[in-house]
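What follows is a structure written as structure tokens; I'll ask about it next.
Order of writing sets the labels: A, B and C. Residues in every chain begin at 1.
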Amino acid sequence: MLTKEENERLTKVGAGTPMGETMRRYWLPALLSWELPERDCPPVRVRLLGEDLVAFRTTDGEIGLIDEFCPHRGASLWLGRNEENGLRCVYHGWKYDVTGQCVDQMNEPRQFCAKIRVKAYPTFESGGIVWTYMGPKEKQPPLPNFAWTQVPETHREASKVVQACNWLQALEGGIDTSHFTIMHRALRKNSRQPGIEIDSPGVRGRAPTLEVDVTDYGYAYFGIRPMGDGSNYVRGYHFIMPFTQLRPPGPGMNQTHGHYWVPMDDETCMVWNFYASYDKEPLGERSSNSGNGYGTHVDVKNGFRPTRNRSNDWMIDRQMQKTETFTGIDGINQQDRAVQESMGRIVDRTRENLGPADRAVVATRKLLLEAVDTVQRKGDPRGTGSSYYELRAAEAVLRDDIDWRRELLPAMYPQTGGADRSRREPKVLEEAAPPDAGKP
Amino acid sequence: MLTKEENERLTKVGAGTPMGETMRRYWLPALLSWELPERDCPPVRVRLLGEDLVAFRTTDGEIGLIDEFCPHRGASLWLGRNEENGLRCVYHGWKYDVTGQCVDQMNEPRQFCAKIRVKAYPTFESGGIVWTYMGPKEKQPPLPNFAWTQVPETHREASKVVQACNWLQALEGGIDTSHFTIMHRALRKNSRQPGIEIDSPGVRGRAPTLEVDVTDYGYAYFGIRPMGDGSNYVRGYHFIMPFTQLRPPGPGMNQTHGHYWVPMDDETCMVWNFYASYDKEPLGERSSNSGNGYGTHVDVKNGFRPTRNRSNDWMIDRQMQKTETFTGIDGINQQDRAVQESMGRIVDRTRENLGPADRAVVATRKLLLEAVDTVQRKGDPRGTGSSYYELRAAEAVLRDDIDWRRELLPAMYPQTGGADRSRREPKVLEEAAPPDAGKP
Amino acid sequence: MLTKEENERLTKVGAGTPMGETMRRYWLPALLSWELPERDCPPVRVRLLGEDLVAFRTTDGEIGLIDEFCPHRGASLWLGRNEENGLRCVYHGWKYDVTGQCVDQMNEPRQFCAKIRVKAYPTFESGGIVWTYMGPKEKQPPLPNFAWTQVPETHREASKVVQACNWLQALEGGIDTSHFTIMHRALRKNSRQPGIEIDSPGVRGRAPTLEVDVTDYGYAYFGIRPMGDGSNYVRGYHFIMPFTQLRPPGPGMNQTHGHYWVPMDDETCMVWNFYASYDKEPLGERSSNSGNGYGTHVDVKNGFRPTRNRSNDWMIDRQMQKTETFTGIDGINQQDRAVQESMGRIVDRTRENLGPADRAVVATRKLLLEAVDTVQRKGDPRGTGSSYYELRAAEAVLRDDIDWRRELLPAMYPQTGGADRSRREPKVLEEAAPPDAGKP
């Protein structure tokens, strides 16, 4: 449970708000590289942290990301002409380069370009994503070189979809391991619907205990499900500040999957999905099979909006819900989006009742509030270094008497050899035990 | 005419508002029984007095009506699974019974169900309707056993449709007998459009005089239309607090028709229509013929929204309006809805000009404001007893020299033998004479 | 650049606002004559200056323009019956004549019509347009007898289309001559897309110098484009207070074209287009060819809303934009509407950067602010006389050494013989030189 003030502090991301200023201290995924397929191609609208921007790829191949509106009289530069290393407003022909500098004014007999600039943000391409940084220049962190972005293009995939709710409730749904084997399960063997198999360890196991290891980048967390046969099914994740999750792909796969939950504005977020294989084999078709590919789920031409949404009740199929899957909604990610959107655009956290299974949710809020404080005190919040570069997710079914940290950490911290990076921060950990309803 | 403050006092129905608290002292129609066709069928959304609720029929056949949102983290329980005498949230598998008690928490190793409740309201089925009571337990009135609900299922019918305006302007249109023979008339004999026949007593008669007899349940009211031949056409209605009308079905029919105008929220109401026959013969197809059946008028699958609505100008047909019907809009109830919606979501009653023909409207406001005062003074408002159970509506064409009260009251109060139940409350009656423009 | 206060002062037009009261001192185009094609035809909704009105043509041929809502109980009179020299509300049959006087009350046994009036505005038909005046009776200006309305019906044409932004940014786009040969140009010879030919003087010439001659009706203004061959291409326009533009039709044509940008409310305006030929020949099909006819651009049955609009990105064609036209948007007027709507409903003028090419824009704001002041000081603002009746627009390509004013003014002021009517008002002119960024 949060106070009304805390809930606003965590959810509002406009320029000048506490969380807005905090978000502006991190690199953000802005758009997919293929949305700008070639030099001088049409510009693309980008909405980030409540700001309307426009992206374009120049004749020289650079990527500009600038204010959508021309500083002359306010026409949309999205209507503009992308030509000769700049984006030209169609209204009076004023033109801007990737730095935001005005370089031409077709309508003026004596030009005064030098006096005119449009807001522009730096960009960086990696992992098939165009990243941007919207904060103060002197605070720009190292480039967002997540491990998954470093594998060959054949071994990774990224996609995105608009979600009609605040970024934090999407994030809180994502890092919430306890729902995973409940909401996403199939109800019978060999169902043709995507879902977690009823004979999988996750469904067979009991409700998980959660452990959270706070680190300098956020935290590692673990869901431990007793299997009732002297073993535990342990899944190890990372939460990287402020909105990144790395998760294990399923037993026996040498991959990392993950999400970015990026605020478009206070009431809308972009959910990014990524997949990377560390095997020799390319990634193959797996992502589409798991419901994350575009297929029929996302209307790419309509700004990556989902075809299943609140206006059509996420196309829930009540017969399917009786016999095939727990929700009756088609697709794993669609199920997450449906419950999160069903809460309203910004859920009222003053009314919730958390339990021990919500420990990761509580820890996240603590770290986010801490980051806001740090930024307000002119400091550098967690996760603005580069220590998260190496991270991977891992999972295993292990006998009760085995120290699962010792087994999983080497795979989760491959470059630092599995050293436990937990900072043992009792203040965060202790309070992360939910105080609301379910204290054991 | 009302002051701005009075208009708000009468129209706003959220929890904690004066009228909202008053409405919560009565049984309310919540949904049709057939919307929950069988045990363990899918849950149904219900919006009442600004609250979002969800209804479900259990394995044992009971009906639950609870808050739409799970008290754990706020997911919609409408997405839930209705199984084994409870509604289960698909997010983390928390489950609630019809009393709102949490009875399972799939995601918690050590459950704390006893501490968790969701808001729940009692329900009652009668007349093909599921009723609920949303007020304080100790104030719960007798069950809503309207006479029409007591006839066999073959002799009654209920339906509903969403109207895009405040409940009070729908109610004021309904109890407004003077428009009936004007707005709803056909322009020529044997028109194929539904409408009041031009040779009917209502159309042939002159503009009616209104009489209002205030009672303990609301009032009986009478429209007396001089026929110009030494007779009067008298229609006798009941208004039962706070939103019920009983009306006569037309000359020579032993039936009662009626409406409930139930607030969904401040700007939307559900118009309920009901018909009951007191004859030996079943009701037959009459209701559909009079434009109240579903036919093509209501999009049942889209939450009972009307197909003719503001966005399509109620499909007004101007040629039809020239030659067939007064409005050019198809269907009696559709005509009412069109004019009432055309006033805006909440009509500005500071600008109106009432006349003597609006006497019932004025009386209604007096009684509603009185009820609000009564509730604020911790009393029991009119209409919370059971004295309205017996009521029926009646009409007749009677010679001038006949006391029409003596003729109609026995049919309108069949169990108490036609005794005049009017309370002769000069304060209400006197002020019910509209002060605005038309004082004779 | 304006202050926030100035921007609101100029853009808000509701009753009681400074600009709203100023606008109410002029005759306004309300609807097209053909929207009321015959006597007793159906009434038509009109939205003007934030007021909802309804227009009707009576049995005697007069045109009424009255409040949309019946003063009895607020039903929409648009649903009404237009019959026997009055508009009758379908709810209770109250009827109003063109003066707003209530003349019948079907539902009242003893009528009190004399006490009931509905708001009504005077109307005047001219040029195929129904005009109205919404201000104080004693301030009503001479009738709007623009020269173009005085030619035979075969020699003129008027049309209209809704634009989804404030009236002022539509006006500012219209009087902005410098964008004309940039935004509207074709990219190659003989393109099948409408556009200004690349070998036309406007495109071949250099960016124009602007001159503004302030007058008693507003101003005349001139765009002077050096052709680089010892000649100038000079276009002479008029701006008539508060929202009228007359513009030359293109070289060698004896016509005047123009626009009215009329506020429907703060966030929507009606763009009126008109064309008149002063030749012996009728107007012919020219207007349609130039993209202003209805064709497929305007959904007349849907309230004159454009088919190309923000919701479909004005159907921009990026391939067309590469090779055929500067914008890739089909139609000259559609291009204007697209850029103006792209700025948002009310553009933020505190963020703009004006240059010398925006001199007419600056002058307009000066005159509008002056008019607001004049009205507040109980005076009569510019343009409320009749001195604008004679005005026409003109253009020519002229040698450098020719005084273009001497050449153009006789055509622009045909009745007063070309006398220079400029008032040499240094205060307006001087400040009209944009102070923002581009001072030479």
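To be clear about the criterion, a contact is a pair of C-beta atoms (placed from the backbone, for glycine too) under 8 Å apart; a residue touches a chain by one contact, two chains touch by 3 or more.
This is a predicted model, so every value here is computed, not measured.
Seen as a C-alpha superposition, subunit A sits on subunit C after a turn of 120°, to the nearest 5. Residues touching across the subunit A-subunit B interface largely differ between the two copies, under half of the numbers being common to both.
In whole angstrom, the spacing between the mean C-alpha positions of subunit A and subunit B is 48. Multi-chain contact residues of subunit A (touching two or more other chains): none found. Residues of subunit A that touch subunit B in their complex: 172, 178-179, 182-183, 206-209, 314, 316, 318, 321, 326-327, 329, 335, 338-340, 342-344, 347-349, 351-358, 437-438, 440. Interface of subunit B with subunit A (complex): residues 42, 69, 71-76, 78-79, 81, 90-93, 105-110, 112, 115-116.
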